[in-house]
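Next come two complexes built around chain A: one with chain B, the other with chain C.
Then we have the complex of A and B:
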């Protein structure tokens, strides 16, 4: 076993026993946020990094994952675990439909981006109009603690659930990368024409990874809904959240597995740090995003492989090889 | 029901007027994608910046947006040129996905700069012609002065940029770079300068569109998305690489949107237009007048 595996195992053990030693809410909350963003960034990375298609439509799947759970639970008392399953199916169907339309023709990748963006905006508008989905005010979950309802009063259970989800998506990413699908996607990413000429079915592969990405995102959205008890169009079916996932994945290293995790850690830590700055909150949020945008541009220009590809990271990695 | 046909008339007229604005926005977008070969996702923000700049100048100096153009146009040209030199130039040889992420980040940067200075609320500008309209009683059509002026201004802008592209040396160079930049370079064109000017021009056209429409619209820094989506829809309708296509595409979008407002209401008008775009993509991917997609 290489050194890296020991380090990873060590980190995993630390993560597992952390809640035992650090019971402060703020600490657990930050860790939960980090795991959550890492989970979402990795899910996005499946289509964005592996597939090479920048999806700005993940807000739609977040919405589906949250709203289906909320509606089923509030109106019919159906447990969120089943709601999550239904949300995942609906997201898969939506992704398939979107992919079907946008991957159909040999049109530049930009088309996929713009259509997913436009659809997110439209979905946000549509949800605002529908009273059944809470319109602009959104939906709030009635409090009813317990495993059956996927609600917990302490953060500990949430911590372990999201940690489990994160580890799951790391393994899924790893196995996809090593599989035929990953191989095909890499070919597509490098040069679509050559890939198509070599017999790779562009549409099928892209659609498959997109659907997978949608399902995982939907499940993540369900988790977040159960964590925050709240969903509304502005914050959930939101294109901006999608941008931050792109950011995490890109800054960390698009297409890698460690990349989005590192990027998400970076993003959450900086956001939480800047929260303590004594500036009016709206301006502070704008400054945060300006800084992130600049970092993203810097990354694209000087360091396109992200943190994972940077010289500093490689040095640390080599030291232990 | 008896007003139905006159409402269609109103739709068509308003559609054409607003369509002209869309054409100009899309024209700027196509300049960057055609000449510099970068899909500039932040083009919507160029328009919004132009609008906010106009609002600030007009409120501070108490002048008309069209008079303020003397200032907004050069300032926005410079903004576009600086953006190209600083952010776009380094990634010209990078994979398309990197370029795209960069323009995405640029959009966030510009959007949040505006948010920092202006906040997220909608702003507008009232001029003496904002609520004035010509009313044609007989056919039940009213033409709003500001929309009419916007139509005239953007139509002039389209004529101007077309003249520049086809009858000036700079325009020839830009078209040459769009066709074959190595050949253009061999013949003495400074390709990097052309790129910078192209971005400057795109921002300038965006500013013109913004200044023209601010007198009848409200804008917030978050509107960048919908504007660039519209530019893209126009390109799909008109077909890439065709000037007349862009103009027609813009008019078509204006028409489609207004018909959409008539049929499904204002909030879903964009959805209606998007549906139109999807149908176009499936049925005629090269747009009305575009070159065949290879």
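Then we have the complex of A and C:
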């Protein structure tokens, strides 16, 4: 146990001092993206991994988190910090509603996947029609630097904010896993009938973790909005992001805490690597999809527990035990 | 007042009436046996009592409260625990953790849940195996775990679904001892669905017999064993001796 703690502490210190030594934008940007995707993957992992309900609806919460801050800031000058809070509440309410309806039906699993997917598509189309939300062109934030407006010209502040969020979600995941909620969720995942016979309230527990996941995703979306200054239906509320989140978690190790982090790192590194190669962006996007589809298939067949469950990983882990 | 009162309980699946107008009751502290040939409706009957199927008509009253049609987790919290015929533990959790899940609905903290779970494991006798993964257990151990998990929920009424299935006679004996101990020490009322006669005869003070969804007999074990209707249902008319 001790060695693992030292390693973790070492990584944390390294992460904290990194911006001091590596000031190149490209490096910080990559780290920010890694932290961001890891954060999103872990947030999704709460419902997908811990809760065992594969949600393809997280694009909705991404959208709410982004559009809330954008609309409130652009039209009313409300600081994104408050916008973030409002976005989180709206996401929580949406998740609760979706959960309430879907978890009340005894048909679970695939029904939930399909419903969340359909809802994402519907939301995407609806947003495209609403001028107030920028329709297909999306919304761009007016530049107005400063902490109050959650906008920074340097990457450093963004780096520390997302690092903080990532560490927070890691702690939240860990805490839940070791709590009664964690046990209940694992019971639900393993066998719903036995769980119900043991007194576990299926609907309440699933809904609770779904709402939590939605809130965290929404907050992450706010961060991303403030980082990229832009939101539109295609890139934010979209299907692809949904899938990649799931991929990160699954390839890394569904239900674990290190898994989504590893999966996200993997994902960002590959996409960034492709960016450096002399390939047009269309082809690069297609190649990314093919690569990940193949990795996903490989994972499902040979490595269902993800990187964390693989033999190589376990060997490395054992060396330090 | 009986602890559990089942009145006119009926369940139809499309054109098939699995349980038809069944009435029975359980007094506090009793061990009631529910027997009948395969397909008689025993499992359906008790899936209705434990909340897995809503009945088409009839009522289930527990401790004076109408619990008909309530969902399984509420029924568990009201004090009725059940085991599954084909034991379905939480495979990736270890033995202790399986029992902890049972304690979560009333425990105020994880520490308390862990304590109660450990107690349940001890009563059943698998506390030495608490670190083992449920998925790696042998059949008798899995059944013991099933039992412990149900006990960990602190039930007043325990329904056991063919707990002796798959056990050899030595294992059945040891299981019987555990059940008798548990029911005496914890003042539990038990409803047991079983095919293995050894279990029924030794444990039950009273037996209810189902055949084709209807209750065909009820009484003391010795009387049931001689009851011609029961013998006909199981073995056919030729076996009825005078």
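In the analysis below, the second predicted complex is superposed on the first by the 319 of 321 C-alpha atoms of A that agree within 3 Å, B and C clash if a C-alpha of one lies under 4 Å from a C-alpha of the other, contacts with A are read in each partner's own complex, and residues count from 1 in each chain.
One rule holds in what follows: a contact is a pair of C-beta atoms (placed from the backbone, for glycine too) under 8 Å apart; a residue touches a chain by one contact, two chains touch by 3 or more.
What you see is a predicted model; the values in this text were computed from it and never measured.
Contacts of A:110 after superposition on the shared chain: chain B is touched, whereas chain C is not.
When the shared chain is aligned, chain B comes close enough to touch A:286, but chain C does not.
In the superposed model, B is the one of chain B and chain C that contacts more residues of chain A. Looking at the shared chain after the overlay, A:125 reaches chain B, while chain C stays out of its contact range.
Residue contacts after overlaying the shared chain place A:193 against chain C, while chain B stays out of touching range.
In the superposed model, A:202 makes contact with chain C only, not with chain B.
In the superposition on chain A, no contact is made by A:82 with either chain B or chain C. Of the two partner chains placed around the shared chain by superposition, chain C is the only one that A:179 touches, whereas chain B remains out of contact.
By the document's definition of touching, neither partner reaches A:17: not chain B, not chain C. In the three-chain superposition model, chain A touches chain B and chain C at no common residue. For chain A in complex with chain B, the residues that touch the partner chain are 52, 54, 101, 104-111, 113-115, 117-119, 121-122, 125-126, 129, 239, 243, 246-247, 250, 254, 282-283, 285-287, 289-290, 292-294, 296-297, 300-302, 304. Touching chain A in their complex are the following residues of chain C: 50-52, 71-73, 76-77, 81-82, 84, 88-93, 97, 100-102, 104-107, 109-110, 113, 149-150, 152-153. Listed in rising order, the residues of chain B touching chain A in the complex are 39, 41, 87, 90-91, 94, 96-102, 104-106, 108-109, 111-113, 115-116, 119-120, 225-226, 228-229, 232, 267-268, 270-271, 274, 278, 281-282, 285, 293. Across the interface of their complex, chain C is touched by residues 178-180, 183-184, 186-187, 190-191, 193-202 of chain A.
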